[in-house]
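Shared between the two complexes below is subunit A, which pairs with subunit B and subunit C, respectively.
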Partner chain A sequence: MSLLKIRGLSVTFDTLQGPFKAIEDIDLDVEELDTLAIVGESGCGKSVLGHATMRLLDDIAVVRGSVIYRGREVYAMSRKELLEMRGKAISLVPQSPSASFNPVIRIGKQITELIEKAGVAHGMEAEQRALTYLEYVGFSDPHAIFGSYPHRMSGGMCERALIAMSTSTEPDLIIADEPTKGLDALSRKNILDMLHRMTAESSLIMITHDLKAAAMCKRIAVMYSGEIIEIGPTRVVLEHPVHHYTRGLIDAQPSRGMRPIPGRHTICSHKSEGCRFRDRCDRVRTECGRHTLLREIEEGHMVRCHYA
Partner chain B sequence: MLELTDVSKIFQTSFLRRDRKVAVDCVSFRLKEGEILGLVGESGCGKSTLGRLAVKLMQPSGGHIFLDEKDVTDLPERQFREYRQRIQIVFQHPESALNPHFTLMDSILEAFYRLGTPKSDYQTMLERLANEVNLPLDIVDRYPNQVSGGEIQRAVLTRVFAFKPRYLVLDEPTSMLDVSVQAHILQLLKKKAREDRMGMLFISHDLEVVRAMCDRVMVMKEGRIIEEGTADKIFTDPSTPYLHKLIANV
Partner chain C sequence: MSQAEGKTRFFAGKVLRYGITLVIILTINFAIPRAMPGDPMINLLGDEAARIDNQILGELRAQYGLDRPIQDQYIEYMLGAGRLDFGYSIHKNLKVTDLIYDRLFWTLVLIFPSIAIGGLLALVLGAIAGFRHGSKVDRLLTGASILMYSCPSFLFAMIIVTIFSFHLGWFPLGNISSGRTQGFAYLLDIGWHLFLPVAILATFEAAYIFLIVRNSITQIMGEYFIFVAKAKGLSARVIELRHVMRNVLPQFISIMALNFGFMVSGALIIEIVFSLNGMGTLIYDAVMSRDYPVLQGAFVFLTIFVLAANFLADVLYGITDPRIGDSMSTGKMT
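What follows is the complex of A and B.
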């Protein structure tokens, strides 16, 4: 049985310009101890996918489809069951670390609170656990971090503290949303090493637009305009990309010639039938106006393109 | 040429104890026209402070700044204004770079107004500049929170290029952007440096980007420049262990 099974997941936001489909018909499986990177440009729906998996969008969007965690439908759980699942079974490491902590509560208190809420440990034991995890993410003086407020820490430190918090309950699945955004080379390396160590005991979904960071995952899914357009083993996808958007992303990297993808990523609310990348694709033909599904071209490697 | 000689910046971190932090410590460099000079280092090493000092958004605690051979270090704000058009800065966070109460158009037109452009020329000038930076004209009526980071960064560049600056300080201009948008903007900057002979101080912690963009690179650590050389030399044959460590982590 897979750990997480997403079927036909669509999220629609109600905006002033009318309904906006952020993601559409997403199918995804995550096995035990699997690591999956989700990459794509901003606005492609990757964060929405992460949030919808945790059922965090109930109040602000219309969500269809199903998310099955260990055989149980997340969208049929009671509030109590949900609270038990979040943080303990699935942890989210949100974007913008410094804005994610409560600014008026000390870091240690916030981590301890989560450990107690999740029922993993209580009192002194919970505090001890928080300290252990702060040390585990590379703080040489965990006591100092335990007692400090979020504003006293740099972006990289906050990110590490946030990862310590998310993993302190030993979840089965960690969803890390842009864990390396805006960090310098050394902190970025630190964070990636740490996430890599975490994957010995948990599954990981890493949402990122940093292809280098994505390379640490076993599998990679490329999203464009709310759809998954290519998914497969990381080595295969990065070395032999099939979809032209994936190729474009890889060629836009500074080390690969820095060639931008022509056109711009339009986030439009009225998505027409057919390939969504066709306006920017250089091998577009008449067939591209027809809708196409993800097709398996070799084992585990699926592409949404007529010419794959 | 933009030249900084022995420029320092000292911050007083506590009032009563008179603690001091030396953010920039006796830094000297020269930036020629048409050259892209990289400035790398980890967060907190003082690279952004140095960028702000170079455009005189901060007054240095010591040292001198020469802009085209003129010592501008102690020029009062009013007299510095005529020089300010020659040297411009682009900041890291697109979301806080523009006034949130102004549409992109207002922000750009403000620059035209400062330049003393006649009102009748606004439209042609806007079209020319927007075309240059690839800013779609159908979004200029929107507010900064209604467009993406890449689009704001383009609007910022439109505004900056309106002044026809000779030098540009770029403080992590693309670290918050997607790789494809980043490629667009970097190519544009490179073209500007080559064709219009604009000198650029390119501050970044992304060594790959620096390698692809810069002619010369300076490495900063704890407020000092610890290494300087051509991009090729710095990346293939780093002399300090610190730089070795930085490069190994790419």
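What follows is the complex of A and C.
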């Protein structure tokens, strides 16, 4: 049984310009101890996918499809079950580290409240656990960080504290949303190493636009305009990309000469007919106007393209 | 610079700044009557001045020290203000300070419960509306408080008096007590007399602070850390009480402190409607009878109250919001 099984997941936001489909018809499986990177440009729906997995968008969007965690439908869970699941079974490492902590509550308190809520430990024991995890993420003086307020810490320090918080309950699945965003090269490497070390006992979904960070995961899913357009083992996808968007994304990396993909990323997917990348694709043909599904082209490697 | 040292420096700087403000206000207070056209004695005596001969006017001037050079008058005035001594009331022939102390006491008796009840009401109703943003309850409460806030307090007070005191006779028409009781019965009597004025002041206070609390909650609910708290699986109650209200607190406490300063003079209308002998009626009577020493003294007292309330608001904000507290001790922001 998969740890997480997502089927036909769509999220539609009601905007002033009309309904906006942020993600559409997503199918995804995550196994125990699996590590999956979700990559794509800003606005392609990566974070929405992460949030919808935890059923965090109920109040602000229309969500259709199903998310099955260990055989249980997340979208059929009671309020109580849902609260129990969040932070304990599935834990989020949120993006924007400095904005993720409550500015008027000490870091230690914000970590212990999660540990206590998850029922992992209570009182002094919970505090001790928080200190231990702060030490794990490389703080030489965890007591100082425990008693500190978020504004006294740098972005990198907040990111580490967030990782400590999200892993302190030993969740089955960690969804890390852009953990390296806005960090310099050295801090980025530290954070990634730490994240992988801390998630050795868990499954990880890493949402990122940084292919180097993604390369540390076993599998990679490439998203474009709300759809997964290619998914497969990381080495296969990065070394032999099939979809033209994936190729473009790899070529746009600084190490590959930073060649931009022509055209503009259409984030609003009003046209659900046909390939969404066709306006920017240099291989576009008439068939591209027809909708296409993800097709398996080799073991575990799937692509959404008529010409794959 | 250590944190304690930084805090001391910060407070020293604050006290100095408030001191300078006070001196400037005292100076303006000294200058205004003297900058006005005409003779202060004639102003003081009004119509009678025409019938008094110049010699007596000169003697009166000497009695009030107005014949001396302006700098001597200023120094004497400032020394007097330093001792909170503003001389004698022209009309009541009492020491201005004694008069003010007596009136200030009753004003504080009126505004303390009003602020406490109003603030509590605002906090509870603001939370109810803020956490149900856009709901019927929210629209009803917000509409009512805007209506209340835009309604002139004297009109509202007079309507209330007409209904509850005049027609129904449930409460007295005015005054602080019936003056016939003693001991516990006296306190009850005061409570009965102050019920309507306190209720009206508390309602106005609540209407104003309600809007601040409600908007503050609405804004904080949209912050990213609230989303993160939801992702942590915290219950709605924990998020509301611990994460949202804790962030509303600094603003709430400082606005309460500021309001306290303004209420000392702001209760004027209510004091007049209910004929309560507080600071408001004292100032009103002093204006009517051109009792300048009383006016000057009352003005200085109000200034001190407003400045003290500002100072308190500053300090409480620093204590409840660590970001402000830190900038205080590092001196980055004051």
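Basically, the second predicted complex is superposed on the first by the 306 of 308 C-alpha atoms of A that agree within 3 Å, B and C clash if a C-alpha of one lies under 4 Å from a C-alpha of the other, contacts with A are read in each partner's own complex, and residues count from 1 in each chain.
FYI, a residue touches a chain if its C-beta (ideal position, glycine included) is under 8 Å from a C-beta of that chain, and two chains touch if they have at least 3 such contacts.
Predicted model only: the values in this text are computed from it and were never measured.
In the superposed pair of complexes, A:Ser154 makes contact with subunit B only, with no contact to subunit C.
By the document's definition of touching, neither partner reaches A:Arg72: not subunit B, not subunit C. Judged by the touch definition given at the top, the superposed model places A:Arg235 against neither subunit B nor subunit C.
Once chain A of one complex is fitted onto chain A of the other, the partner contacts of A:Arg295 are absent, as it touches neither subunit B nor subunit C. Contacts of A:Arg285 after superposition: neither subunit B nor subunit C is touched. When the two complexes are overlaid on their common chain A, residue A:Lys117 makes contact with subunit C while staying clear of subunit B. Within the complex formed with subunit C, the residues of subunit A that make contact are 51, 54, 56, 82-88, 92, 94, 96, 99-105, 113-114, 117-118, 149, 151-152.
Listed in rising order, the residues of subunit A touching subunit B in the complex are 41-43, 154-156, 181-189, 209-211, 248-249, 252-255, 258-261, 264-265. In the complex of the two chains, the subunit B residues touching subunit A come out as 41-44, 92, 136, 148-149, 175-176, 178-184, 186-187, 205-209, 211-213, 245-246, 249-250. Of all residues in subunit C, only 223-225, 227-235, 238, 242-243, 246-247, 249-250, 320-323, 326 touch subunit A in the complex they form.
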